[in-house]
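You will see subunit A twice below: alongside subunit B first, and alongside subunit C after that.
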Partner chain A sequence: MTTTPARASALQKPAPRRRGPRTWVRGGGLTTLAFALPMILVFTIFSWWPIVRSVVMSVQETNLIDPPTFVGLDNFVAVLNDPLLGTAVLNTLYFAALALVLGFPIPILMAVLMSEVRRGKGIYSALAYLPVVVPPVVAVLLWKVFYDASPDGVFNTMLGWVGIAPQPWLQSPDMAMPSLVIEATWAAAGGSIIIYLAALLSVPAELYDAAEVDGASIWRKAWHVTVPQLRGVIFVMLILQILATAQIFLEPFLFTGGGPNNATVTVLLLIYRYAFQNSLGGNYGMATALSVMLAIFLALLSWAYFRLTHRWSTS
Partner chain B sequence: MTTEVSTRASQRAALAATASAPGTEADARRTRRRRRPMLEDTRGIVSEADLRQRKVRWSMRGVHVFLSVTLVLAGLGPILWLAKAAVTPTQDTLRQPFALWPNGIDWANLSTAWNDIHIDQYFFNTIVIAAGAWAFQLLVATTGAYTLSVLGPRYAKVLGSLVLATLFIPSVVLLVPLYLTIVDPPLLGRDFSLLNNYLAVWLPMAANAFNILLVKRFFDNLPREVIEAAKTDGAGPFRLFWSIVLPMSKPILGVVSVFAIIAAWKDFLWPLLVLPDPAVQPLSVRLPAVQSQTELDVFLAALAIATIIPIAMFLIFQRVFLRSAGLGGAVKG
Partner chain C sequence: MMSLNRRTTAAGVALAAGALLLTACSSDPEAETDDGDGSATPDATVELRVATFPPGADAAAYEAFAAQEAQFEADNPGIDVIGVEYEWTGPTFAVQLAGGSLPDVFTVPFTDSKTLLENGQLMDVTAEVEELGYADSFNPIILDGVQDADGSIYGFPRQAYAMGLHYNRSLFEEAGLDPDNPPATWDEVREAADAIAEATGKAGYAQMAIYNTGGWQLTAQTVARGGRTQVENGDGTYTSTINNPGTKATLEFLHALRFEDDSFGYKYDLDWGTINQEFAAGNIGMYTSGSDVYTALVRDFGMNADDYGLTVLPLEGEDPGTLGGGDIAVVSPTVDDATKAAAVKWIDWYYMQKLLNEDAAVADAQVLAESDQAVGTPVLPVLSRELYEESLVWIEDYVNVPVDQMAPFTDRIWDQTPVGEPKGKTQEIYALLDPIVQAVLTDENADIDALLTQADTEAQALLDQ
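== the complex of A and B ==
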């Protein structure tokens, strides 16, 4: 009972070699540190410190002139009392939901079809990936031209071919968000297709062979071999897409600037407005408070998601 | 930023998948050698026996037609339209968007965009930003991964997990504090600011945990015997790094380079914030800004010019692109 934990462990392990600064230098410690230094420096200044500072700033009032003052939860209260917050959250949820309905099944379907064709996978993958290569800003500005609301606009002309009346696209509060989602889906689908395709191509051929020995039809093979083999990738891609759409910024910012009538204001656009588009000077406290809330929400969401899917994939 | 985030998302998917990949390097080699046959020869749901049925054969033909039509329309269509519109007069584009040059080709759009709205300058800025981001990302990723994987000091584990942890922080949290760090960097006095300095774009991009993990995982799988042999022959840490480890890591350096250059070319919000001076801004920031004062045909020409380099890079390095994008699928999650 009198033996302290320290003595007990000292008895079990050989006494550790004394490492003074001199042995450290002679052992190459300085050279190692020189290699580690670029990483340590950029991560400290541009990643770890800003993350910590984000939390600190959310309970401070910060401007660029006076030293920051502690204000408790005032920033959070101010954000929660902002009438636009509800709109922004609902819009973001709407975007995420539309993007799931539209953008999630299409890449899976395309990848399955592409994995089935005997020839031309290379050229199909290249074509599918092309939109991903177009710089996002160019893509949005180009689609803005496509969405021209006049009857001679690119999409309206195409609708005219099949006898549909011209649509207002970005100019109507009802259609603005779906228009954004269609462009975002077009821009991102290629990347998902390539990931699913690679997953499909690594399904062991023996599984299909075995299913055939048991007399499985094409549909049964798809349902009992392909789907279970893809399940892991689908789970990961689903949460990644939700995390990405929760942070949607470029499309609403460049297409509509949040309009018409605030129909496309998203959470990230609101953060941007608090910090950088404020006539009263940047309200950095409110911006960081909202970012911290969003980050905590996303962290909880992914945590719950992984617990849930883990249970599904093990049972 | 969606696409920005989704690039990050696909990178994360790649990471999540390779995390469970056994012997990544050896596998990577095998896949590389197997690549060609893999694309064309692996079997899917439909077997050769199924294909002997007429119904199935016709359906497969239908699949081919469907894929060709959809992918050409959706993948190639907008880009071809942009290429056409770039050399078409404004009135033709507005009145008959699908007619092929009813009133002749207007090559002058391109030179007007290049010279009069200074696309040349912004193009050059974009290249400088991409080149610097590439150099810094490669420097930090290789030296960092080398420390964590090969040198392995006592603090490597802590350092490695701190780096990994940043992957789980949504980038939005960084936006405001990182901006204030650029406006007034720590320890350098009140008057010093990195605004309008390209370092403000290059350095934060270099703090990329995904790169470090990707390279570290590759280094982890390099044959230890070669490294030990070099050490026995008296190679110091620098020589080992420069003459042994880096030359053996060309495939992964190619992947990181593609990611770095494309990410820098695409970036919009960050350069918009930290490069307020139009003279130093890249294309992605200038294009939306000049839109209102530019005639449509010239503007579309500018968009086309901004797209040329990424498309050319994709066509040249297609396999690196698709392999990087599909890294995630190498192993099913």
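== the complex of A and C ==
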């Protein structure tokens, strides 16, 4: 039996299905759209549209009453000329670096240690996660009490037990930022630990068994088995942390208001000040201009990060 | 596999749910005023949304307000007053303005009114103020705070204060000081602070330093030492004079208390609310703030009234004065003419008449006293001194604040020259001064001259914008 070339080709490769509207409906497209629509609308109204408005506002001057006027890149120029911008950027980088040194390895270490625990794992997980349950504002206000700089302050009393002099904590330009990072690490570690613990469960037990047979210590097991197996999660957590620390606001806002002597003014706090504090809503243009710059910077950073880590990532 | 029918039904349900959600989100507040058949009343009375109290005010305050509201509505049948919880803060103002939920009548502190004026965010009420005959009656220094360069008026000053030195009488006694004879010079303030810190371990003296309050208080004490942080050039421009002997002396004073005497305590991050809280809790010997904070100290922070003492700010140098401030009642910049007219009626009735009219003053004092609100807190007259003193006689039966403990202030305040806050970029320059106050309180080696020179340059750059 012979076949025509056309038929042969049809047999070898099925003709592409026509994706007409009817096919789309039959394929469940309408249902998909209907289910997605509320979310799409909510995102459009509350996320995407405000983002577009921010970008528009960054090239406008408005007092929220009269029609806005187009000012080109004036707002960007004003932000770049603000002497406080450099301080805010450096402070944010300092916070990010401290948070990375302190806040990044601790959850991994804690998760690895907790995964080694045989009994009461649930209790440890619950304890680690507890700070995440405390509302962030409440946590900061609590820590503000702990950080009381008088010799009777909670932490200063504890330091006194081991013969260390009272520390100024939030009241000194040198110590304010590290104090903020300690609290931020405490507050966020729980969530990261839970994620790492879950990721650790996916590491095949045989790998550990094999390492143990080879006589590997806990440290070597962690370094040669756990870390390589977790690297995908670690890379994602790292970029999430960088993005979060670049947008740090709550801690400096509530703990120090940016002081002492601008030691804890961050980029986001500066945006807030432009928009609300100093000009009472008269400087939305500068605030949105700096927001747009920050967003572009973080988007580029994320893109570069994923490009760089793509090869190393398990996925 | 789901049939087409079931899929369509599911899609329909999801769409309906989405529509419901959106309807809920976009429910029109106007709909609540419909008269039942879906259409709004055509010649409806004017609805006037007026600011009442900050969140957390007690029920008695609201009952008192409801009584006043009913009385006003009886006198003005065309106006329906709706009380709205309200507290002035910069961020909420901007958001409420943008979102259209600002009350039609609200109050703004003097310290912020200039900024709002510059931004074009207040309603011009010049004609109304003139029509009511207040234009010439207001204390000129106070009126100046609500006027733009052309002399247009943007609000009704309703209460004013002068800066005072608040002190804790118990701590004074514990330190062997006479609470009836409070410090009259800055050197005496320093000595008293040292004695209190020595005897009680509490902060002898404290000062606000964050959220622009550091700059505010630094400016107040600069003025008290004869300095000014900016001068008007008369053509709408300003020259920064932050680097002046008064400001320098203030910073040196703070630095000495903190690092030489160790009498400043441990908190260098206090603002208006937290310093009141600390003072009310008995942790601070002295601090400077508006003369009207007694109400907040006792009502909101539970201070023992017997511990409270108030005196004037010590004045030194050439041409010293006491920085004044206060509140103005303003109309939302977005209301229509009918609402604006109703708003002015309300402001006149609710805020102004009690300053002018004996019956209104007595009724107001009675309502406040019955609901345990402070009556008789020392203020500055927004109209004339004579009228203010007369009004104190009208309400003397209802005065419930410890007047004797405030005598060092009330006896001497008339000898001091009130000075208005700097007009150019008020808040932005206060923000610029905050870190300087913080620097002298947290850095023993702070170079005050260098800090002042830098702040002066930065302030001038702001003023030149």
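Definition applied: the second predicted complex is superposed on the first by the 256 of 315 C-alpha atoms of A that agree within 3 Å, B and C clash if a C-alpha of one lies under 4 Å from a C-alpha of the other, contacts with A are read in each partner's own complex, and residues count from 1 in each chain.
Just so it is clear, a residue touches a chain if its C-beta (ideal position, glycine included) is under 8 Å from a C-beta of that chain, and two chains touch if they have at least 3 such contacts.
Just so you know, these numbers come straight off a predicted model, no measurement behind them.
Once chain A of one complex is fitted onto chain A of the other, the partner contacts of A:75 are absent, as it touches neither subunit B nor subunit C. Once chain A of one complex is fitted onto chain A of the other, the partner contacts of A:138 are limited to subunit B, with no touch recorded for subunit C.
In the superposed pair of complexes, A:235 makes contact with subunit B only, with no contact to subunit C.
In the superposed model, A:171 lies in contact with subunit C only, and not with subunit B.
In the superposed model, A:91 makes contact with neither subunit B nor subunit C. Within the superposed three-chain model, A:276 lies in touch with subunit B and with subunit C [touch as defined at top].
In the superposition on chain A, A:264 makes contact with neither subunit B nor subunit C. Ranked by how many residues of subunit A each touches, subunit B and subunit C are led by B. In the superposition on chain A, A:60 contacts neither subunit B nor subunit C. Contact with both subunit B and subunit C is seen for A:28 once the two complexes are overlaid on the shared chain.
Shared contact residues of subunit A, touching subunit B in one structure and subunit C in the other: 28, 31, 33, 35, 37-38, 42, 45, 64, 148, 150, 153, 272, 275-276, 284. Every residue of subunit B that touches subunit A in the complex is listed here, in rising order: 1-10, 12-14, 16-17, 38-40, 42-47, 49-50, 56, 60, 63-64, 66-68, 70-72, 74-76, 78-79, 81-82, 85, 94-98, 136, 139-140, 143-144, 146-147, 151, 153, 155, 159, 162-163, 166, 168-181, 183-186, 203-204, 206-207, 209, 212, 236-238, 241, 262, 265-266, 268-269, 273, 283-285, 287-288, 291, 296, 299-300, 303, 306-307, 310-311, 313-314, 318, 321-322, 325-333.
Contacts from subunit A toward subunit C in the complex involve residues 25-26, 28, 30-31, 33-35, 37-38, 41-42, 45, 63-66, 83, 148-150, 153, 168, 170-173, 256-262, 272-273, 275-282, 284.
The part of subunit C that touches subunit A in the complex is made up of residues 2, 4, 7-8, 10-12, 14-15, 17-18, 21-22, 25, 90-91, 93-95, 97-98, 112, 115-116, 118-121, 209-212, 265-269, 271, 333-334, 427-428, 431, 434-436, 438-439, 441-443, 458. Residues of subunit A that touch subunit B in their complex: 28-29, 31-33, 35-40, 42-43, 45-51, 53-54, 57, 62, 64, 110, 112-122, 124-139, 141-143, 145-146, 148, 150, 152-154, 157, 184, 186-188, 190-192, 194-203, 205, 208, 212, 218, 221-222, 225-226, 229-230, 232-233, 235-237, 240-241, 243-245, 247-251, 253-254, 268, 271-272, 275-276, 284, 287-288, 291-292, 294-295, 298-299.
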